[in-house]
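Scrolling down, you'll hit the structures one after another.
Below are two complexes that have subunit A in common, paired first with subunit B and then with subunit C.
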Partner chain A sequence: MRKNMSESKATRRNGRRGPLASVALILIGLVATGGAYAALSTASASASVDLSSPAVIDEGQKLFAANCSTCHGQQAQGTANGPSLIGVGSAAVDFQVGTGRMPMQMSGPQAEQKPVQFTDEQTKALAAYVASLAPGPAIPAQSELEGGNVSNGGELFRINCAMCHNVAGAGGALTEGKYAPELKGVAAVHVYEAMLTGPQNMPVFNDLNLSPEEKKDIISYLTYIQENPSAGGLELSNLGPVSEGLFLWVFGLGAIVALTVWVTAKSN
Partner chain B sequence: MAKNESGKADIVPANSAEATGTGVVAPDAFANPGLPPHRPRVTDLDPKAAKRAERVVYVLFYLSIAASVFAVYAYMFFPIEPENVHSVRMNTLYLGLGIAFSLLAIGIAAVHWGKAVMSDKEAIDHRHPVRGTEETRARAVEIFRESDEESGFSRRTLIRNGLIGALIAFPLPAIALFRGLAPMDVDPNNELKHTFWKKGMRLTRDPQGTPIKASELTIGSAFQVIPEGLVDLPEHEMLDAKAKAAVLLVRLKKEDLNWTSEERESWSYEGIVAYSKICTHVGCPVALYEQQTHHLLCPCHQSQFDIANECAVIFGPAARPLPQLPITVDAEGYLVATSDFTEPVGPSFWERAN
Partner chain C sequence: MSNVTAPAQSGVVGKFSNYLDERTSISGAVKEFGRKVFPDHWSFLLGEVALYSFVIILLTGSFLTFFFQASMTPVHYEGSYVPLKGIEMSAAMASTLDISFDIRGGLLMRQIHHWAALLFVASIGLHMLRVFFTGAFRKPRELNWSIGFVLFVLAMAEGFTGYSLPDDLLSGNGLRIIDGMVLGLPVVGTWITFLLFGGEFPGSDIVGRLYSLHILLLPAFVLIFIVLHLMFVIIHKHTQYPGPGKTEENVVGFPILPVYAAKAGGFFFLVFGVVALIGATVTINPIWNYGPYDPSPVSAGTQPDWYIGFADGALRLVPPHLETYWFGYTWSWNIIIPVLLLVVFLAAAFAYPFVEAWVTGDKREHHLLDRPRNAPVRTAIGAAGVTFYAVLWAAASSDIIATHFKVTMEGVINTLQIMLIVAPIIAFMTAKRIALALQKKDREILLHGFETGRVVRLPGGEYTEVHQQLDAYDRWQLVSYNDNAPIMLRPNPQGKITAGMRMRASMSRFFFEDRIAPVSQEEYKQALEHAHH
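== the complex of A and B ==
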């Protein structure tokens, strides 16, 4: 034993590397490069775009002319196919483009959510351009989205939002093929912008109706119900009495019928 | 074996010629095919299968015991903590599963016992004749007559009539008690025709109760509204009043609103209109507002109202438009009601004029 140990010590002192050393070195190198790249790239993605910079507005105007002007007009003045965007503000653009609703794929009862077509920077550039046309609701700061009062948010949600979006935010049907979308998994900033601007058939909840503080409470409530499981157990998508009734009809009655058949069948 | 009065056996073997019942036997009927021949079960023929069935039954009984013990254990191991709603979830889930399985296992074991282990030889059990013997019948009549004579029910008419009168009077207090459940000192009919709204009352936000300025409504805005002072009522009265007085306040472009008369137009203010949220069908809250189509949808039975046309019904079972609350602004720019609703809100009732 002692001999072995002294031998290994001797090897290290001699400066000779162990067989695993080169592998470890390569790994450290890879992790360091990858980590640095990841850190740098996230830093650039979350770096705030200056919406008032002329260069950004210019970039936005080019994107607008290429992607939006067919329906909304060259000057965003609106055409027969699309509404005017003058005065809708950067919040409306960030919501519509940032959730993939715009550019619209085809006309229909409502513009549906689909994979986002632009990068975050391009979306912000479009928002900057539209905001430069006339003042309108602005994209909220991150600080306006976190740490609200959950119980107050729940009450406000039930009074102002739950009739269309369902008490658990599961969404619901409106008239003639339109629907209020599900709110689970929607980014806080988009929920805020939707309340502020009233996209499509959603009414506007401006800051004088629901104050920024109250909007923050509603967002906190939505985050809370997504992060905490329902105390009542199986949620069945929170679609209400129809889905719950169907579940019982199929599985509850099914079990009763199966039991009845078994009880009355003759043993073989 | 039990014997009945006539000395015949209660239970007779199948296909017995002695079998007699009360049924009328038609002479030209099909011959009674009787019971199908007895078919032995697997458990009758194979002792191993019988043993297995027996094992299943007692194992189920033991599992039931285990489930009951588990339910008690779960009740203690997953306690309901005050202030923590989510602790209820595991408590009720495991307690319920334990109790449900213990009872279900007893049931399944009992049925399996009966079906697979107990004897399944068919037997016929005939009904007794319903009619008593002449002797019994005569005695019964006699007992009635004797009782009447001894009690004097027919003879002492004052007592008899007193009894009948007392029995008729006895339920009267119940009628008075149930009458007392009706609203006191108020005319229910009047209650249905009026709401909390009064002339000059400000429109306030639900639930905060803060007044709303006309300038705070941008085009496309929707406010959930309650009357001023409603939040100061005791909770029960507040809810009663709110159930009738809830209002949806929206702002449209002025040119989008169509009016049937100058007077109706004067109930709005610069494109701001206030409508009752109580559906005229069966009273659900109608607040699914689509700001582009100006349609209001009732979630219960899909009645649709068009805000641009005085909330006319455009689809569904509702019979009347939603009542409009006449509004204007006061000197400080706050929205106020100029009167109560001019017609009863909510669903039809018997005394409603139309």
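== the complex of A and C ==
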């Protein structure tokens, strides 16, 4: 055995390239292109857009005129169909447009989320334009979204958010067909902006109500429960006893009844 | 009893059995119980499922008591679940978190315990429905129905006290609702909650008190009533479905030893396996999400476990603003009405066997079960009851229905309010008509046989389809049932007709006015002759 191995090793060394060379080459290639793409795309995502640059604001104004002004007015002053956007700040635009709620597809109890319609750059340009009209809450920096105290965040979430969004962020019903959406999969920056601007039925949680530090804690808590699924197994959408009861009646009792039929079947 | 000659003492088992029997006379009992016969039908195992779930609950519950601390002393959680680290909570909540995250096998035991509890009440419910719809509650089993009903209520009480023990947000909200319901009772309400909670809600006593009830008093009662329930099953012998060779005087099936005991024992492990599988793979009551109880927050989608759902539904469906101010007190009809509704509903379920016995005036023993179609009004009443319960049940998840079916909350509530009254009536009429129609079909098949699909041409040129008569086995099932006719209103020996008699006569008309009489022997003979011509 030993001899064989050393022989095969020797033959490998004799070759011009090691057998793993091509694998390594592909790996290097993938890492390099992937890394470069990631670097470039993150750069285009946030770093490169300067919200105060006149060019960006101009671009935003054009987009606004083409996509938003029907309801919000040419100068964002508002019409009978849509509220004024003067003073709502870039955070509100980034939330509404960035999550696909705006431009609104149809009137209803509340603006539904739909596939995002603008690229990140276009969204930022729109935000820059609206922010240029009057001062308002700004898009939070990445540093305000990470590294908070998870347990404090959990407690704040239960006190301030859970009555509409459910303790696990599974969402919940409001009146007249409105609802608080599920928070799973919502980007941290959008959660922050929602607290800051109070979109649709949500109240505003300003900095006196929940300090930036506390907002960061809440976001860290949400991130934690998303990244750490239930220790108990399937979560049944975290809807609580209703989904548990349904599961038991359908699958638990279903299986049991099937077994009773099986156990008594042979005798007939 | 005494084995003077002591035969066949070969082998260890023989010697041991003999040793045991000489000291306990157990062979008498084994002979008696071992020859008990149980008929085989899947629906007869539903009660067994309940029994097995209870055994699972006892086993896992004992494990949980080793680690659970039934105390509301505030502590700071320092276990391994990060999002609750350093948070102040009761010792009950902290120890439940420890069971879930820091004690080996603890979470599995908790989840098996809780799933088995849900299965316990569900299988009791299904078992009750089987007993109801087949008329198994008739004489001599009315008392056993009552005992079973008490078990059902005890199971709900066990479930609710257990649900409230971890002192998490969900269980605290549940207790708050109970507190509110009790507070809404006139005059005594406030004092009862003071007694229950040891002062103002939530106080610091309730978890300890519920724990005593949950692990001591209620299980003891459940056990006593299970023993009574099973004793009655043995005394009455098991019921059976009608069929050839099955009469009111016999029981056709397998003896306990060796067949039935092996089957039932194996079935226990099947049930345990299913519950363990669910417990191992599906989260139930993730208290770590809910966090410790605090009277201020309430989570969206807060509901009780399914078996209390109908009570929660009643509270959700009662119209708002039902309050009056009388004699210096506020009378909260929005609480009194749902509570009364539930009490009346449960009382009706409890009393049904006695009511039916009174209406029919039937004093005979019944060991052969009814097919649901052969008691149309009973089946219809059952269908109405199930529908009524189901509407209340659905109402408890009104918010989830609203979000998941994209309808408005108000729409759901208003629809269910109407359905609570209308749907049972529709269910009653539909079920009764279906049962009568099925009876008609049975009658038709009996008299004229079933269509064979073979069409023949008679010499005269007439075409006719050949009908084939049922064989004797199938015929037996279709003819052997009790027929109840409405009772005649006749004066009693004193020559009077009392109000009670009138009431009974009108109830009897309600039950048996629309009926399809079973095929008589003469009718059958005539039909046969007719078929031969």
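Criterion: the second predicted complex is superposed on the first by the 210 of 268 C-alpha atoms of A that agree within 3 Å, B and C clash if a C-alpha of one lies under 4 Å from a C-alpha of the other, contacts with A are read in each partner's own complex, and residues count from 1 in each chain.
FYI, a residue touches a chain if its C-beta (ideal position, glycine included) is under 8 Å from a C-beta of that chain, and two chains touch if they have at least 3 such contacts.
Computed from a predicted model, the values in this text were never measured in an experiment.
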### Message
Let's test your reading of the overlay: on subunit A, do subunit B and subunit C clash or fit side by side?
### Response
clash
### Message
Under the stated touch criterion, which partner chain does A:P203 make contact with: subunit B (first), subunit C (second), both, or neither?
### Response
first
### Message
For A:G154 in the superposed arrangement: first (subunit B), second (subunit C), both or neither?
### Response
second
### Query
Of subunit B and subunit C, which one touches more residues of subunit A?
C
### Task
Once the structures are superposed on A, label A:A21 by its partner contacts, choosing first (subunit B), second (subunit C), both or neither.
neither
### Task
Check the residue A:G233 against both partner chains and state whether it touches subunit B (first), subunit C (second), both, or neither.
both
### Message
Is A:I225 touching anything from subunit B or subunit C once the two structures are fitted on A? First, second, both or neither.
### Response
second
### Query
Which holds for A:G171: it touches subunit B only (first), subunit C only (second), both, or neither?
second
### Task
Determine, under the contact definition given at the top, whether A:L30 touches first (subunit B), second (subunit C), both, or neither.
neither
### Message
Taking the superposition on A as described, I'd like to know which of subunit B and subunit C A:I256 touches: first, second, both or neither.
### Response
second
### Query
In the superposed arrangement, does A:A134 touch subunit B (first), subunit C (second), both or neither?
neither
### Message
Output the subunit A positions appearing in both contact lists, the one against subunit B and the one against subunit C.
### Response
155, 159, 163-164, 172, 174-176, 180, 228, 230-233, 263, 267-268
### Task
Please give the residue numbers of subunit B that touch subunit A in the complex, ascending.
41-43, 85-86, 88-89, 92-93, 111, 115-116, 120, 205-207, 213, 216-224, 250, 285, 287-293, 295, 297, 299, 302, 304, 315
### Query
For the complex, which residues does subunit A have touching subunit B?
155-156, 159-160, 163-164, 172, 174-176, 178, 180, 198, 200-206, 208-209, 228-233, 262-263, 266-268
### Summary
Interface with subunit A, subunit C side, in the complex: residues 40-46, 49, 82-87, 100-101, 107, 111, 115, 118-119, 122-123, 126, 169-170, 254, 263, 266-267, 270-271, 274-275, 278, 280-286, 288-291, 294, 296-306, 309, 396-400, 402-403, 406-411
### Query
Inside the complex, what are the residues of subunit A that reach subunit C?
109, 150-151, 153-155, 158-159, 162-168, 170-177, 179-180, 221, 224-225, 228, 230-236, 238-245, 247-249, 251-253, 255-257, 259-261, 263-265, 267-268
